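Note sheet for the following structure.
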Amino acid sequence: RTMTSFTSRISPNERTSLINNAFEAKRGSYSPYSKFPVGAALLTADGTIIKGANIENASYGGTICAERTAIVKAVSEGNRSFVGLAVVTDVASAISPCGMCRQVIREFCALDMPVLLIPGDYPKQPDGEWDSKPGMTEGGVRETTLGDLLPDSFGPEHLDLPRK
Amino acid sequence: RTMTSFTSRISPNERTSLINNAFEAKRGSYSPYSKFPVGAALLTADGTIIKGANIENASYGGTICAERTAIVKAVSEGNRSFVGLAVVTDVASAISPCGMCRQVIREFCALDMPVLLIPGDYPKQPDGEWDSKPGMTEGGVRETTLGDLLPDSFGPEHLDLPRK
Amino acid sequence: RTMTSFTSRISPNERTSLINNAFEAKRGSYSPYSKFPVGAALLTADGTIIKGANIENASYGGTICAERTAIVKAVSEGNRSFVGLAVVTDVASAISPCGMCRQVIREFCALDMPVLLIPGDYPKQPDGEWDSKPGMTEGGVRETTLGDLLPDSFGPEHLDLPRK
Amino acid sequence: RTMTSFTSRISPNERTSLINNAFEAKRGSYSPYSKFPVGAALLTADGTIIKGANIENASYGGTICAERTAIVKAVSEGNRSFVGLAVVTDVASAISPCGMCRQVIREFCALDMPVLLIPGDYPKQPDGEWDSKPGMTEGGVRETTLGDLLPDSFGPEHLDLPRK
């Protein structure tokens, strides 16, 4: 059986590095309320990897997810160009970013930017089940893109449209 | 030329009512910062329509969009079952909800719930351009669904998954 | 022993109504994650009371508190002038709004607007303990103001200040 | 005339470093919507300074302030103990954090943690006006604390209180 092929702009080395960094990032999670630690790793155009973890808040609404932590950290340090994102949780399947994170990522990333959703028990062995699903790649990593996660997105250009 | 057909669970009357209420809702917008008023109308399973508008905040981050205003208003009043959503802005094209709103809607609505994106200059006359695009319906309203706007969504069921 | 006196612009009837409505509002709470239901009631300048409850979200960050639900509901319905707010939880003491809510309230309310923090077991009987604390009023309700809760606040006027 | 004295746990060197880092941090701001760049610098218990800037979003609600950027960056990198915060904008006066930031800071910092609000034209020369105000210190820096900015705060301990 052949693994789903996926044309990606990230190299195998970068993929490995993103996955490792996402796991490392997860150790920085502060998630006493959800008990759902998440780690994210963001690859910049110049090859730097920036990590983020979810930081929860007693108000719940003040919670900032791993993906957004990585983005605001990266952008505030001067990075504006990103080529890949990886996300991992403690759950044994690929978990998708929430809509808030998709929107914040959207501000800075191309719609075809690869997003790797890593199962918490990576690397999974092929079992004929997960690995036959579309988008599934080595080790049980689901590979998607920002555009696939946030179709018909709202973005900066819409604020510039003329009002009636 | 034939309009895109779209199987929807909302009736023509409900559609008209959603559109009218979204326009009315927009009048309640408080958007001094973006100058981008948005109105939303939410149809409950029992036929009630609940309106919302975007309420901005000097902190920017404290801003709550029209769709979320409608949802929290509806839910806090005891509605938990929704069958349609319409959104309108002052822009002469169909504008999509932001990712935060898609996520908040996701908590309460089925993935196949119709979402009507109404152009601010509704009803548009067919011009062979917009009306040949997929999802376009009468008057230039783009009809989509929550699931199309937030594929592979994160939701309540994921928080219940066993952790490694 | 004398109860703390507090000069308030809300009448005894309005106070009672705010308290009752806050309890009723709490029944609309959707709080499966925190299991911390909150109800809020907002009194407009023309005597209307608008209710809100906390509406949580699986993303945690998408959660909107009771106070903000009440404010966005009220403002989107055309109310811009408020004279009192009451908040109640299931906890047997007066619980304060989170900082996000204080900020959102700040956009629309005067700093001297009374805020009533109602214990979940209202009315408490005087016991010489709670009722000797500053700000405590009949039934164990702590009466404070927006300005006391958010001193030196950031607001719309700061965005208008000239930049260097 | 004597400057307001203020007992602080940060040394003059740390103060200078916080101020310099807040200005540097501001250069990382992404604020195309508000045109209100903000920089923040957070001092950890072990003497490290972590910078943050405001990162805005077309959705407005997705905006994350400088103070929260600094906090989530610091916490996700393993810092949980903070002893000082400095904030600066482009405005020629001391500008306070928004309520959302106060709440997020509250999760991790002691109420007596010093917060330095730096005017954008720091150092100001004494002019008998700003420097006679309470809390004003060298160069026009207003020195306050988290507890002064968020009195009667809501925090993690409240979520643990027994429900009725």
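Residue numbering begins at 1 within each chain, and the chains themselves are lettered A, B, C and D in the order written.
The definition used in the following text is that a residue touches a chain if its C-beta (ideal position, glycine included) is under 8 Å from a C-beta of that chain, and two chains touch if they have at least 3 such contacts.
What you are looking at is a predicted structure, and each value in this text was computed from that prediction instead of being measured.
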If I rank B-D and C-D by number of C-beta contact pairs, which comes first? C-D
Mind checking the centre-to-centre distance between subunit C and subunit D? Centres are C-alpha means, answer in whole Å. 26
Please work out the Cα centroid separation of subunit B and subunit C, and write it as a whole number of Å. 29
Nearest whole angstrom, what separates the Cα centre of subunit B from the Cα centre of subunit D? 37
Touching two or more other chains - residues of subunit B: 33-34, 56, 58-59, 62, 64, 68, 98-100, 103-104, 106, 154, 158-159
Name the graph shape formed by the protein chains and their touching pairs; answer line, ring, star, complete or other. complete
Hey, which residues of subunit B end up touching subunit A in the complex? 34-36, 90-93, 95-104, 106, 120-121, 144, 148-154, 158-159, 161-164
Subunit A-touching residues of subunit C, taken from the complex the two chains share: 33-34, 56, 58-65, 68, 98-100
Please name which positions on subunit B make contact with subunit C in the complex. 25, 27-30, 32-33, 51-53, 55-59, 62, 64, 66, 68-69, 71-73, 75-78, 80, 100, 103-104, 106-107, 154-156, 158-159
